[in-house]
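To start, I am sharing the structure in question, which I have written as C-alpha cells.
A, B, C, D, E, F, G, H, I and J label the chains in the order they appear, each numbered from 1.
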Amino acid sequence: MKFLVHMDVNLPVDMPAEQAAELKATEKAYSQELQRSGKWPEIWRVVGEYANWSVFDVETNDELHDLLQNLPLFPYMDITVVPLAKHPSDVK
Amino acid sequence: MKFLVHMDVNLPVDMPAEQAAELKATEKAYSQELQRSGKWPEIWRVVGEYANWSVFDVETNDELHDLLQNLPLFPYMDITVVPLAKHPSDVK
Amino acid sequence: MKFLVHMDVNLPVDMPAEQAAELKATEKAYSQELQRSGKWPEIWRVVGEYANWSVFDVETNDELHDLLQNLPLFPYMDITVVPLAKHPSDVK
Amino acid sequence: MKFLVHMDVNLPVDMPAEQAAELKATEKAYSQELQRSGKWPEIWRVVGEYANWSVFDVETNDELHDLLQNLPLFPYMDITVVPLAKHPSDVK
Amino acid sequence: MKFLVHMDVNLPVDMPAEQAAELKATEKAYSQELQRSGKWPEIWRVVGEYANWSVFDVETNDELHDLLQNLPLFPYMDITVVPLAKHPSDVK
Amino acid sequence: MKFLVHMDVNLPVDMPAEQAAELKATEKAYSQELQRSGKWPEIWRVVGEYANWSVFDVETNDELHDLLQNLPLFPYMDITVVPLAKHPSDVK
Amino acid sequence: MKFLVHMDVNLPVDMPAEQAAELKATEKAYSQELQRSGKWPEIWRVVGEYANWSVFDVETNDELHDLLQNLPLFPYMDITVVPLAKHPSDVK
Amino acid sequence: MKFLVHMDVNLPVDMPAEQAAELKATEKAYSQELQRSGKWPEIWRVVGEYANWSVFDVETNDELHDLLQNLPLFPYMDITVVPLAKHPSDVK
Amino acid sequence: MKFLVHMDVNLPVDMPAEQAAELKATEKAYSQELQRSGKWPEIWRVVGEYANWSVFDVETNDELHDLLQNLPLFPYMDITVVPLAKHPSDVK
Amino acid sequence: MKFLVHMDVNLPVDMPAEQAAELKATEKAYSQELQRSGKWPEIWRVVGEYANWSVFDVETNDELHDLLQNLPLFPYMDITVVPLAKHPSDVK
C-alpha cells in the first residue's frame, strides 16, 4: 500500500554542529535501512529546500506511523501523508 | 531529471457523458504511451479525489511543459510541478 | 484500518429539484448499505454546512478510493482523507 | 452532543526529556479517565504527526471547554473544535 | 448555549430580481421569528459585505443545525459556526 | 457603534507562573471595568482555545484602538477587528 | 473617521459590453459625487488589477456600509474594510 | 524601473475555438511589440500551467498599469505585480 | 508615484523596555522627517494591531526600498508594498 | 534551463552584528561568483523586504539544488523554485 510523504526539516539554527551531524547520520542510516527493506522505495530532495518527498510501501496505517515517528529527525519535521491508490491508467 | 507533478481534474458537471468518456479515453492512451516511453514512470490516484500525483523523467523544463500542455485534459486541470534532486540518503 | 473523511457537497443551485432529490436518495441508500456492512462506521453532519465528517474502516487504500468514487454525489463533492493510526492512549 | 476535536501538539524541542515524559504520562492518565467515563469516546493518532483527532460527547459547550483546558498538554497544543449533528443518513 | 455564526451570502448575479426579492423577504421573516423566540439573539451586518455575524442560543448542536439548514438562503450561503463558552472574566 | 473583536492569546510557555497570574489578574480587572462601563458588552471564550470573541461599543475607531492597546495582554495577543452595522432584519 | 477599503471587481466575462459600460458610468458618477462630498477622499487603482484601494471618511459604521452597498458595482465586488485610527507618529 | 509580473490565464472552457485563437494571436502580437520596444524584456512560461512570469521595465506605475490593462487577455487573467529594486550583490 | 505600504511590527516580548523605547523614538523621528519631506504623505494605525497602513510618494522603486530598509524597526517588521496608479474615477 | 527562485531571508534578531556582517559578505562573494559564471543571470531585491527574486540558468535540477544549498545564508532562508519554459510569444 503506497503513501506519498512530504517531510520538511526545521533544525534550530543554534543547534551545535556536532549534534546536528550526529542526528543526520542516524537519520541517514535509519532511512537507508528502510529503503533496503523495501518499505521506503523512493526518496527525493525538493530542489532548494531542506525537505523531501518520499514514497512508502507498508501494510497498514499503523505501520506507517510507526516508521515515521521513529525517524531520528521526527521532532524537527513537519510531515504530511497522502494515501495513494492504483491509477486506472497505470500500465504497471 | 525527475519532477513530481500534481494534477487536479475539474470536468464541468454538465459536460455530456459521451464527450467526457472520449476525453478520458484519449487521456488514458496519451498517458500510457508516455509511461511506456519511460517519460512518465509513476502515476498514482489520490485517495478520494479526481486527482493524481505523478513522477516525470525528462531532459529539460521545456520538454516537461510540452508533455503536460498536450494532455487532453490540460484545459480542465490545475497542475503543480515540483523539481526533484537526488537525495543524499538515496540508496539507488 | 481507519480513515477520517471530510465530504463537502456543492450541488449546482440550478439543478432541478427532482434530480437533486433522486441523487440524494441514491446517496442515502448507498451510504446506509456501507454503514450496515461495517465499512462506514461513523457519519456526522457538520453543524451549519452541507458537509459531513465520516470514519471509514477498510482493508486498503484502493478499497477506500473505490468506495468513495462510487458515491453518487462524488462529482459534486470535495473530499479530504486523513489516515488514522491507533493512539497510544486509546483504552479500547 | 458530539464534537470532533483536532489537537496538534508542539512541545519545545529543548524541553528536558524527564519533564516531557512526566507531562505525557499525566496527559495519558487524564485522557484515559475521560475515555472510560464516556466523555471522550474516540481518539486516533494522525499518521505521521504528533496530533490526534478525537470525538467528545458532552452536555454543553462549557463542559467541553472545561475538559479541554484542563488537558495537561493544553498550553502546548493548537486545538480546533467542530460541532457535530446527527446525519440524516446515519443508521444508528 | 451560545454559538457565533458567520453567514456569507452569494446570490447568483443572474437571479431574477423578483425571485431574489421574494427569497430575501422569506429569509427576513424567518430570521425575525427566530430573533423574537430568543433563539437568535444577535445579528449584525458586516460593513461592506453581504454577510452577517450572528449569535444563536440553543439547547443542542442538532437544534442549531436544524435552524440553520432551514434558512431560505441556506443554499446560497457559506456558514461557519464557532461554539462559545462562558468567559471567566464575563461580569454577567 | 459596534465592533466584533477576536483576541488570540499567546503567552510564552516559559513565562514564570507568578508573572502570568499577575498579568491575567490585571487583564481581568481591566476587562470587567470596561464591561461595567458598557464599552465591552459581550465576551465569550472560544471553546478549546485561549481566545475570545468580544463585542465593543464605542464612539470612534480611535477610542476602540485606545481600549485595545491598553489591554495588559496586548503584547501577547493577535487581535482582529470587524466593523459591524445594523442588520436590516434586526428586530431590536 | 477613516477606513481603508479594498474593492475587487469581478464582472462576468459574458456581460454585454453595453451593460458593462453603463454600469461603469453609473459607478464613476456615484464615486465622483462621494469624492466631492469629502466622504471618499482617496481612490487608487491597484497596478495590474481591476481593483482599487480607497479611503473613506465617515461618521459611523452604518454610514460606511450604506455608501458601499449602494455602489452600482456592489453585486460584482469583493470588499474588505480596515478601520483606521490616528497614528502616534502622524505629523498632521 | 523593473517589476516582476505573474499572469495566470483562465479562458472559459466553452469559449469557441476560433475566438480563443484570435484572442491569443492578438495577445501575442501585442506582447511581441512591447518586448521589441524594451518595455517587456523577459517572458517565461510556468512549466505545467497556462501562466507566465514576466519582467517589465517602465518609467512609472501608471505606465505599467496602462500596458497591463491593455493586454487582450486582461479580462481573463489574474495578475500579480512585484516592484523590484537593485540588489546590492548585483554585478551588472 | 504612490505606493500603499503595510507594516506589521513584531518586537520580541523580552526586549528590554529601554531598548524598545529608544527604537520607537528613533522610528518616530525618522518617520516624521519623511512625512514632512512629502515622501510619506499618509500613516494610519490599524485598529487593534501594532501595525500601520501608509502611503509613500517616491520617484522610483529603488528610492522606496531605500526609505523602507532604513526604518529603525525594519528588522522587526513584515512589510508589504502595493504599487498604485491613478484611478480613472479620481476627481483630483 | 531557467528557474525563477524566491529567497526570503530571516536572520535571528539577536545574531551578533559581526557574525551577520561576515555571513552577508560571504553570501555576496558567492552570489557574485555565480553571477559572473552565468549560472545566476538575474537578481533583484523585493521592495520593502529582505528577500530577492532571482533567475538561475543551469543544466539540471541537481545542479540547481547544489548551488542553492551552498548559499551561506541557506539555513536562514525560505526558498521557492519555479521551473520555467520558453514562452511561445518570446521574441528572443
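Definition applied: a residue touches a chain if its C-beta (ideal position, glycine included) is under 8 Å from a C-beta of that chain, and two chains touch if they have at least 3 such contacts.
Keep in mind that what you see is a predicted model, and the values were worked out from it rather than measured.
Path length between chain F and chain H in the touching-chain graph (shortest route): 2.
By residue number, over half of the contacts seen at H-J repeat in one listed pair from G-I, E-G or H-I, namely G-I.
Among the remaining chains, the Cα-based centre furthest from that of chain H is the centre of D. A comparison of the H-I and G-I interfaces places the larger number of contacting C-beta pairs at G-I. In whole angstrom, the spacing between the mean C-alpha positions of chain E and chain I is 39. With each centre defined as the average position of its C-alpha atoms, the distance from chain C to chain G rounds to 43 Å.
Taking each chain's centre as the average of its CA atoms, chain C and chain E sit 27 Å apart.
Residue positions 2-3, 45, 47, 61, 64-65, 81, 83-86 of chain I each touch two or more of the other chains. The list of touching chain pairs reads A-B, A-C, A-D, A-J, B-C, B-H, B-J, C-D, C-E, D-E, D-F, E-F, E-G, F-G, F-I, G-H, G-I, H-I, H-J, I-J. Residue ranges on chain I touching chain H, taken from their complex, read 1-3, 60-62, 64-66, 81, 83-86.
Interface of chain D with chain F (complex): residues 3, 5, 12, 61, 64-65, 68-69, 75-76, 79-81.
Against chain J, in their complex, chain H makes its touches with residues 2, 4, 27-28, 31-32, 35-36, 42-47, 52-53, 82-92. Put simply, chain J touches chain I in their complex at residues 11, 13-14, 45, 47-50.
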